[in-house]
Amino acid sequence: MKNSGYYSQFGGAFIPEILVPTFDELETAYLEARDDENFWKEYLELMSTYSCRATPITRLDNLSAQIGGASIYVKREDLNHTGAHKANNVMGQGLLTKRMKKTRVIAETGAGQHGVATATMAAKFGFDCTIYMGAHDVKRQRPNVFWMEQMGATVVAVTEGSQTLKDAINEAFRDWVTNMDDTHYVLGTACGPHPFPEMVSWFQSVIGTEAREQMLDRTGKLPKRVYACVGGGSNAMGIFSGFFDDKEVELVGVEAGGRGRGSGEHAARLAYDDASIGVAQGYKTFFLQDRDGQMQDTHSVSAGLDYVGVSPILSHLHEAKQVRFEAATDDKVVEAMQRTVRHEGLIPALESSHAFAQAYKEAETMSPEDDILINMSGRADKDIFTVADAVHDPKWKEFIIDKADAYRREKHNG
Amino acid sequence: MDKHQTTLEQSIRKAREKKDILLMTHIVLGYPSFDDCLRMVEDMVNAGVDLMELQIPFSEPMADGPVILKANAEALKAGATVEQSFEMAERLTKEFDIPFLFMTYYNILFCQGVTEFVERCKAIGIQGCIVPDLPPAEGQDYLDAMHRCKLAPVHIFTPNTPEPRMRFLNDNSAGFIYSVARKGVTGKDTAFSSELETYLSTCKQNTSLPLAVGFGVKSAEDVNFLRGKADIAVVGSETIRVMEKEGVAGVRPFIETLVA
Amino acid sequence: MKNSGYYSQFGGAFIPEILVPTFDELETAYLEARDDENFWKEYLELMSTYSCRATPITRLDNLSAQIGGASIYVKREDLNHTGAHKANNVMGQGLLTKRMKKTRVIAETGAGQHGVATATMAAKFGFDCTIYMGAHDVKRQRPNVFWMEQMGATVVAVTEGSQTLKDAINEAFRDWVTNMDDTHYVLGTACGPHPFPEMVSWFQSVIGTEAREQMLDRTGKLPKRVYACVGGGSNAMGIFSGFFDDKEVELVGVEAGGRGRGSGEHAARLAYDDASIGVAQGYKTFFLQDRDGQMQDTHSVSAGLDYVGVSPILSHLHEAKQVRFEAATDDKVVEAMQRTVRHEGLIPALESSHAFAQAYKEAETMSPEDDILINMSGRADKDIFTVADAVHDPKWKEFIIDKADAYRREKHNG
Amino acid sequence: MDKHQTTLEQSIRKAREKKDILLMTHIVLGYPSFDDCLRMVEDMVNAGVDLMELQIPFSEPMADGPVILKANAEALKAGATVEQSFEMAERLTKEFDIPFLFMTYYNILFCQGVTEFVERCKAIGIQGCIVPDLPPAEGQDYLDAMHRCKLAPVHIFTPNTPEPRMRFLNDNSAGFIYSVARKGVTGKDTAFSSELETYLSTCKQNTSLPLAVGFGVKSAEDVNFLRGKADIAVVGSETIRVMEKEGVAGVRPFIETLVA
């Protein structure tokens, strides 16, 4: 290991010995790629021909007027191929996998978004692909599983632990320690052992680089605040990194407040006081854990933010007060989503809607001269089961019941 | 770490004078219950086990396979705490005259405070620790504390480990080297082949410590294969599998077949 | 009416007298907009900030190699906001609606794609919005209905006739004849009375303009053939229009072959011999009708191609032999979709998959020196109910049955 | 179209000598069945109806509201064809001594061949046609054929129609002008107000033909309102509604309340 990958006290690579050579190889490949101008060129070329980079910036004309405060801009990662910023990371790691001459990729997924992105990348690059997904999430997110399987990926339902994201990560590591020779583990966020946090942030930095330039082009100045939701932290790192050198730009990370502060049912590691520093899943950061260090159950309306840990780089930036952390509760998030759909025709993912909720709240107290920028990390149209449940749509339930009856009859008759 | 000889290493070398190969077994503390653990240890010691790994359960046992994974989860679900694990370990070291090691993940140490954890190990008679997610580069505090307390930090060799790294790991270890016989997590099969023989001789060449070999050992035949090639045969998941299938009472007969 | 809008014998404006002034107004507004350079600029600006125009061209590396014939390129209209080329048309008509100072829009929808696009546009522009959709389609396409309603649109299930697209069109006209003063009817394809065919084609021409330039940039030459699926004909008109002056480029429109030639269950108006010239829904073209002129039931695996009529401009181009028409059958279409998903990570809508099916078939017989271009009019991820049924996924059915049971229990308990 | 006076116009003018206002009713041929149509026409004529629209059903009746729409669909579902409609119309013109018009959509004419269609109308005694989706600009063939056959092409005035266009429509019409009293499709309510009065007088000013007023007429009161302002009151959907509610036998009493 050339560099232990610490950000003040956070980060590191707490990995089983058997993976040490694999991480060495990965770090070397990553560092060489970073040094190789052509790699980034190839990456941008791929993202602009296979996905639609640069993604645009959209101004929320109606809501800016309605709220009557800051002028609100949105970075449109939802327009990426497969519907979220996850595409940036997987395509980058896909190129790296090719560079390392590996032929198989594995990944964990919670919401399913990263699983679909990885399966897509694997189809595009011709890799074999296995996706680990908590059995609980497999149930919640069948549409994503369906598409992963159509892409040729094997989706393994993880029945261990809480059957959600963290268990899928553990399981992916278990696969990797067996198959490291031909397999690359495409970690989905800016977490995990070094070099993942830094490498994933690097691929996602394309968001921030574009956004800064676009805001300057569009408004002639920098936004006053930049909002991003924080699950593992990759979309936040992506957009924030464009503004790290701009001290006047306030960066706001929005975590899953779930049922609220003190409820014990949330996934706010930095905004609330329930988390403490620990080491798990290969890295040191703030975790929602008990005093023994056992990870706790988390809750969020959005599967993609429902995670016990957080990027070590963000933990560092939190302590260094370079990023402010807030949490948005489930009800405010659903409200912000519905408001954005209703008045702007944009469908932010429930994850992204956390950033919208906080931005709307703060915009009110700001001046119309101020611009703010929200990272719309993904679109919700694939999460219709979750969204329909979140807004309690009775017609949706009827539709599902009718559809099920039709399937049942079909079974009977043939 | 300079090469002090730990009590653990001494005990192993002494036991080896009498036996071709030693047997190390593994239990997860609190699974299926602390009482059952006590009974199983008793049976194992009586059956002739030479040393034991006591795993303090952790919610994210990244390097463990399905059997031990489930044991961890069940122990926690039944309410097992680190405090209870310490209490049980203390009782075991007092009652049974074989070396005991802790096996657990780094967060357990970290949350207790690494120094406090190690000092308490010392206090209750634990002779060494295996922390599979703590490479030496990340564990200086731990290594220092273990060294100060004259406890054995055991590290792992794998078929993927290059020889220079084996020597580095050896330099940071005490007690013995835990050599895994194949890639993958605990509890899966290994083909005991000539390839394995070559690998084990490489392991031997790169350590001055006794060599334990684990992952996949499940029969007298497997143990016999290791005779002359290693100092300790480690039986991990298989004991738990037997216990789950045949009850706690099935453990002793199983161990007896191994040491026969 | 300034111009009757005929393309040889096809087209016209067969409208109820009460709409004559409304069509006059629309035609005037449309012609003025066409003459106003700023209008097109504003349109492009909107499409590049709200959607992600220019959409990229992706080369199908794996399938080109696998098929071993022509080099296959894809125009990525699926990356548009709301997931299809329909966005181009609705945003254009939205600008026109604003220009005419109308405050309400109505639209018909079959697959739901145009309905979602229109509802989105209405949310963005702040218009009231009513969407007419055959009751049969409402049932099949509940996810789209859900999103339309979330956007604030009123979705009216049309229980008349065959309860599909053509009936929704009739119903939209019935609304319009009552509310023409404040309402614009956003027709979704290049059909209907003049000036719709021409106007919709104009907005969609952005596809072809971009694509021609992109192909030249990318390959240094023009593609040999260009493929587009044909429902009403708007995406086809859009991409074809970029190549009308290039006589060496062969344009191929692909209709819904359904269960095949002679089956009577298809929607191939130009590729098969079952259609005849008629006048309905306000325009003259080839219709699938009986000898009395009654419209017949059509069938396609894709709701968006399942329509009795076809753009009068395409009927003209068909007769003039400027566009070749083919039909792809349901089974080939599903196969082409699955192949594209599996080997390229792209998820073409079932509609678009018609173009892919025909292109794959023809690519085989072409030389690797030849490039062909497929218009990927939309993505299928929102049509998961249809796609899961088309590929007969048993796990999907189980999931729906389980979900329905959970909803039923919920109802019982509270 | 030069202003020949059609038989239709002559009949209307003659009837008007005896009555303040005439009544025109509407049925959809084949709904609920051809036999029922025959019975209804008989009842209507006996009740005093002065002229009738016979709608040939079409699968896409774009300008019709829910009631007539459904009637079209049901007639087609029951198998009604254009041929049967012609046969029924021929029988009606023979049996009943009032003028009959066809109302249908252009595709019906187009698919029969416009000239053939018009000539057959002439042959079977139909006196005029209303084709709501055929503006004069699209219908030169049709107008020419109607003119040749001395049949009346009836066009529609709406509250949205500018006066110059009214005059244009008048120039292309014969028989009478069909003035719709409000926006929208057939079968919805209209408020019979002074606004309507103004509109009707504008209509009158822009045509030399008798004026029929339709859409929403459903009671003797409505008919009375039109007395002196129009020549013909058109009752469309309401008859079908009554028939659906009270059966074919209910039609005659309903009509009688209107002409009372």
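As written, the chain order gives the labels A, B, C and D, with residue 1 at the start of each chain.
Everything below uses one rule, namely that a residue touches a chain if its C-beta (ideal position, glycine included) is under 8 Å from a C-beta of that chain, and two chains touch if they have at least 3 such contacts.
Computed from a predicted model, the values in this text were never measured in an experiment.
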{"item": "Furthest chain, CA centroid comparison against subunit A", "value": "D"}
{"item": "Averaged-CA centre spacing for the pair subunit B and subunit A, given as whole angstrom", "value": "37"}
{"item": "Inter-centroid spacing, subunit D versus subunit B (mean Cα positions, whole Å)", "value": "97"}
{"item": "Distance between chain centroids, defined by C-alpha means - subunit A, subunit C (Å)", "value": "33"}
{"item": "Approximate Å spacing (C-alpha centroids) for the pair subunit A, subunit D", "value": "65"}
{"item": "Of all residues in subunit B, the ones touching two or more other chains", "value": "none"}
{"item": "Residue numbers of subunit A (touch at least two other chains)", "value": "none"}
{"item": "Arrangement of touching chains [line / ring / star / complete / other]", "value": "line"}
{"item": "Touching chain combinations (by label order)", "value": "A-B, A-C, C-D"}
{"item": "Residue ranges of subunit B in contact with subunit A within the complex", "value": "58-66, 69-70, 73, 76, 81-82, 105-108, 110-112, 132-135, 137-138, 155-162, 165, 169, 180, 183-185, 188"}
{"item": "Residues of subunit A touching subunit B in the complex", "value": "1, 4, 12-18, 20-22, 160-161, 166, 170, 173-174, 177-180, 276-282, 284, 287, 289, 291-295"}
{"item": "Residues on subunit C engaged by subunit A in the complex (per definition of touch)", "value": "48-52, 55-59, 62, 76, 79, 81, 83, 119-124, 126, 139, 142-143, 145-147, 149-152, 338, 341-347, 381-382, 384-385, 388, 391, 393, 395-397, 399-405, 407-408, 410-411"}
